[in-house]
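Take a look at the structures listed below.
Same chain, two partners: chain A is paired with chain B first, then with chain C.
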Partner chain A sequence: MSDSHETPSIDRRLLDQPWRFWSTVAVAGTLLGGIILGALIIPVVQGRSAGLDAYTAICRALGILPGSPAQPQPSDRVQRTPVSQVVWTSELLHILARADPARGRTKALESCAACHGETGIAVAPDVPHLAGQSGPAIYKQLSDYRTGSRAHDLMAGIARALDETALADIAAYYAGRPMRNPNPATLAPAPAEIITLVELGDPRRGIPPCASCHRAGSGGPIETPVLAEQRDEYFIQQINLYASGQRRNDLYARMRTIAAQLTPSEIAGLAAYYRAGFR
Partner chain B sequence: MHSVKRLCLAHFWVAFAFFAAACAIGTWQMWVRSPLGASVGTPGQYYMLVTAHGVALAFVLTTFFIMGFGYFVATTALDRQLPGKAWAWGAYWLAVVGVVVAFAPIMNGQASVLYTFYPPLTGSAWFYIGLVLLVVASWIWAVLMMVAMTAWKRENPGRPVPLAMFATVANAVMWLWTTVGVAVQLLFQVIPAALGLVHTIDVGLSRTLFSWTLHAIVYFWLIPAYIAFYTMVPRAAGGRLYSDTMGRLTFILFLVYSLPVGLHHLLMDPEHGNATKFIQVVLTAFVSVPTLLTIFTITASLEIAGRLRGGRGPFGWIATLPWDRPMVLATGLSFVMLGFGGFGGLINMGYGMNAMVHNTSWVTAHFHLIFGGSVVIMYFAICYEIWPRLTGREHPTLSLLRLQLWSWFVGMMVMTLPWHWLGLQGQWRRVANFNYADPIIAGWGPWVIVSLIGGIILLASALLFLRNLAVLHRGAVLAVARPLYAIAVHPPQRVPAVLNSFGLWNVLVLVLMLVAYGLPIAQFLIEPSPSAIVHRMR
Partner chain C sequence: MTEIHQELHERRILGTELLWAFGVGVLIAAILSMIVFTALSIGVNPPSNVERLDPKALHLSGEFAEDNLGTSVGSDGRVVVRVIATQFAFLPRCIPVPVGRPVTLRFVAPDVLHGLLISGTNVNTMVVPGYVAQVHTEFTRTGDLLMPCHEYCGLGHSEMWATVQVLPENQFQPDSNGRVSCAQR
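After this line comes the complex of A and B, so read on.
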């Protein structure tokens, strides 16, 4: 090697060329080796023992077809019966976002107000209040009545007579009605064990805290209803329907699992807790 | 020094102020998760402080330290003025503003998203905007590093760029590549969602883009330590660098192989096919090559120093090394931690073993050991080496420096080894507390307390570190003029252009990224994800 800094450019190119060539070959070789092993040899060999043809195994390895190249895919020909038909697609969220409460009011006066009240305050004890209820929650229940996921002689007929936009409008209307603002001075304090159940749940019985979903901003599923100011009769009735499995439109059987674990006194305590509002 | 002293010190002190605060927060976290502090604090506070701890260490300490160190190298290794110094100060203030803007929502509890960007966790838009400002500031730094090297090459045609600067620019180039993933994720997915402009985030795409950044960012943090290994340690030990070419290859391999490997953080994710994961795991295996090259080269360099100092026999040279010098001591301790941490990393890399440790404390312990241990201890050593050059004052005594390095090493080992062990027992990560009333979890208690003791030692060591630097800002000025950078056994007279520039390597990175990330990203655009796994903002 020369000590001179001034190497003629032709020399420098000669010095550089093998480096360029072999480093490119090394990197490309690594990459190619990885691809041949990972995308061809391994899936084909694994697929053979899983009873898959080479093409399917490679497509699965690349993620083009679902499933693993190493295992046979379980058959999905069994008829699935989803507990609810509602899927929170972005299209549906747009429909809910564009719902018109004024149109909803007109429809609500025709179809809903007789039982649920014009402002969402119901008269009969086994009818829920809707004032201030979450829009997606109202929509989900109406939709479930319509598809038969939730059973009710009267509600099924009413919901079937309405189209999807009407459901969204009605949901938006009642969601916008104010709650009643009960006087905090008249509220009795809740018993400590009920507050524990709401705030911490009971891990020994596998009961999560109610507040982990039923509190604004808690991060629960979008269809979680607001429980504040709901009336006792309706609350207890629904928990019991979940517990007995008669109501079954809760995803992953969340509420059925929880409700079956609750004692009658806890159900009554929770009903009183939520009736009080400000929850 | 060409008057970048104030610029460097301004960067370093921001870095270390956040470092000290984050160490205190970390100790608090260890305490509340232990049986001793089990009734202290709420999960909300815990996650808020995890976010503060992670952002302070992973983004503030590292970015500010690396920027400051880069300016130092650009002026000392190249021995010329820093071009665009006004830009450098502008970037500094932009980064400071970014940090303030990011920390306001964190401390307000509105961005408790840990320090990673994994929707469905989303925080205040200001948190993300602040971090984007920090990244933009680091881009200015990266460009300045490239401009400095280019200007030097123009003035010195045909000469090899000094290794310290070559490595710094390799890091800057890698950082520009690295940040593309998270920038796209933040600007097109997370920030619009946090502002309410869009209603959904495709979580799979988001995680994929974040993984693009996630692994290479670790090498961004690590390269300063390797710069110290190659360019400072041989000189500090009284020897020479065994091979300059090995150094260049190491930094080039980091640039090439640290990027197309991020999918190994998503081995347990369902949105990618086995083959794409496999290809990236193969490339991941190659990231260990530069580290192995470094261990070999630096050990060889130290052996030269040891033998020059009279060491005999196969191992006699180890004993004759000047272990009383902070840089040499830190390197020895760093190598021990790198050994344990690297071994853990090889386990994380394997698909099957990863499945067992993925959601356990093993992973948390791993990155504390490898980054907080082997990398940060070299940050300390670098500071001890260059602080006298920045303030013009010499360390009054080296014994407190050694005490600080030893205590950091002991604290890190005491904290992370039991933590690894608990991970193997199934202790999960990302949780605010443990129910020690559970008979299975109760057995973890004593080990968590041992970890806590390690954390307390680390906090004490961090404070001692600040003290060791702060004393160099007082007292009479003593001009020190010692050479800093090591000379190679065969100093390079000329090197092939590919070992002196990054053109070819950028092309290879592009090819690797297209192959490694092309399909994983394109699949989200070809066929939108099932709506069941798309996160809906409320």
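After this line comes the complex of A and C, so read on.
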């Protein structure tokens, strides 16, 4: 019994030798086979059908040469004005983060309060509430009024009179105001199909759920405005402007494509849902 | 244990080990040959185009500005399709392409990772913000194909899809700018 434990170690190593040898051969062989297939045979055969010579195909497979065409493609159409000039660079996000709501309040009282209200609760039905609106959303819209991407005679003139920091300060001030409390008078139970549109969208028409972007913290685009408790007159007006293409400052036609597919009764239902003030 | 016993024991272990090694080897070889076969016979390969583009300013870039998206035919007859994949839609949402002609598809994303495939074809790619995803292909049958986003991109991901309209040559008519739009049905 004891003897098997005392087998001289030299014997064991001898016993192992062919195993080590052949497993090394197997691993190295697989590696080599993979390199030959992935870096030589497949690129050369595939490159032939794309009109590439063997050398270029191999270099591209190895990542030494970029793919074709590496040069940016020229646009083959006369360029029109972009839908918006706003670019969410890190400098811009810094300006927004450093904005001063106190300074913003002074400016807002001077030039905005007459229409949007001191705390951001507007009186006239076609003027949107700004209280509790997201800062980036306010900034983007002001910026678009200023550059003419969003057309409105009054707001364009007002926005042009302000500089970048002022826009950011005012945005920070209104964003910091709490929204109104849900108004019990407006709280009617919403029809099931409206709740479905908000929560689930309509895959058949390719309409994503409104809440996938408009609910706070949903992870949608940074400039998405808060809709909760927004005026229904303003809401309906904006959806119709998107649908007809008169308002086209939404990047990548995000809202235009959605708005164009909503029926009038859906638009009215959504406006009522959001005015009631939940999410 | 005697020498003989030990020897027999070793042999049995060796037999089992070799059997398993053979089974695993066959599996690996089968999977690898499938990959190699699809790569060589139907041109399935990882997209090899490395081309950078600032994702924050796509709307200001000449190529992917809104007016330049969709299908266009260059003066050399090359068909190029430019598409933006964004939360939660493709723009444009209907893509016309000709049947039986080489087509270059170019995709970009401004926000998060997206992916797409065109059903029944070899088009299947990720769309990574900051890079142009480019695919060369040729459509072999006319008809409408579904192009869903296949990389979870947010709460509206399941509503993100587009239609690829593969048109016969006589219906694929570029206008004076070389632009082609989907046939209305």
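Note that the second predicted complex is superposed on the first by the 197 of 279 C-alpha atoms of A that agree within 3 Å, B and C clash if a C-alpha of one lies under 4 Å from a C-alpha of the other, contacts with A are read in each partner's own complex, and residues count from 1 in each chain.
Simple rule for what comes next: a residue touches a chain if its C-beta (ideal position, glycine included) is under 8 Å from a C-beta of that chain, and two chains touch if they have at least 3 such contacts.
No experiment lies behind these values; they were computed from the predicted model shown.
**Student:** Mind working out whether A:T196 is in touch with chain B, chain C, both or neither, as first, second, both or neither?
**Tutor:** Neither partner.
**Student:** Report for A:R60: first if it touches chain B alone, second if chain C alone, otherwise both or neither.
**Tutor:** Both partners, chain B and chain C.
**Student:** I'd like to know which partner A:R254 touches here: chain B for first, chain C for second, both or neither.
**Tutor:** A:R254 contacts chain C only, not chain B.
**Student:** Which partner does A:S244 contact after superposing on A: first (chain B), second (chain C), both, neither?
**Tutor:** neither
**Student:** In the overlaid three-chain picture, which partner chain does A:V87 touch, first (chain B) or second (chain C), both, or neither?
**Tutor:** both
**Student:** Determine, under the contact definition given at the top, whether A:S212 touches first (chain B), second (chain C), both, or neither.
**Tutor:** After superposing on A, A:S212 lies in contact with chain C but is clear of chain B.
**Student:** Of the partners chain B and chain C, which touch A:A97 in the superposed model: first, second, both, neither?
**Tutor:** After superposing on A, A:A97 lies in contact with chain B but is clear of chain C.
**Student:** Does chain B (first) or chain C (second) touch A:L37, or do both, or does neither?
**Tutor:** both
**Student:** Mind working out whether A:S265 is in touch with chain B, chain C, both or neither, as first, second, both or neither?
**Tutor:** A:S265 sits against neither chain B nor chain C.
**Student:** Which residues form the common part of the chain A surface touched by chain B and by chain C?
**Tutor:** 1, 37, 42, 60-61, 63, 68-70, 87-89, 203
**Student:** Can you tell me which positions in chain A touch chain B when the two form their complex?
**Tutor:** Where chain A meets chain B, its residues are 1-3, 5-7, 12, 15-16, 19-20, 23-24, 27-28, 30-31, 33-35, 37-39, 42-43, 58, 60-64, 68-70, 87-90, 93-94, 97, 203, 222.
**Student:** So in the complex, the part of chain A that touches chain C is made up of which residues?
**Tutor:** By the definition above, chain A touches chain C via 1, 4, 37, 41-42, 45-46, 49-50, 60-61, 63, 66-70, 72-77, 79-80, 82-85, 87-89, 201-203, 206-209, 211-213, 218-221, 251-254, 257.
**Student:** With touch defined as at the start, can you tell me which chain C residues reach chain A in the complex?
**Tutor:** 1, 6, 36, 39-40, 43, 45, 47-51, 53, 56-60, 62-63, 65-68, 72, 74, 80, 84, 86-89, 91, 93, 106, 110-111, 134, 136, 154-156, 158-161, 177-179
**Student:** Quick check on the complex: what are the chain B residues that touch chain A?
**Tutor:** Chain B reaches chain A through residues 158-159, 199-200, 256, 271-279, 282-283, 286, 435, 493-494, 496-499, 504, 508, 511-512, 515, 519-520, 523, 531-532, 534, 536, 538.
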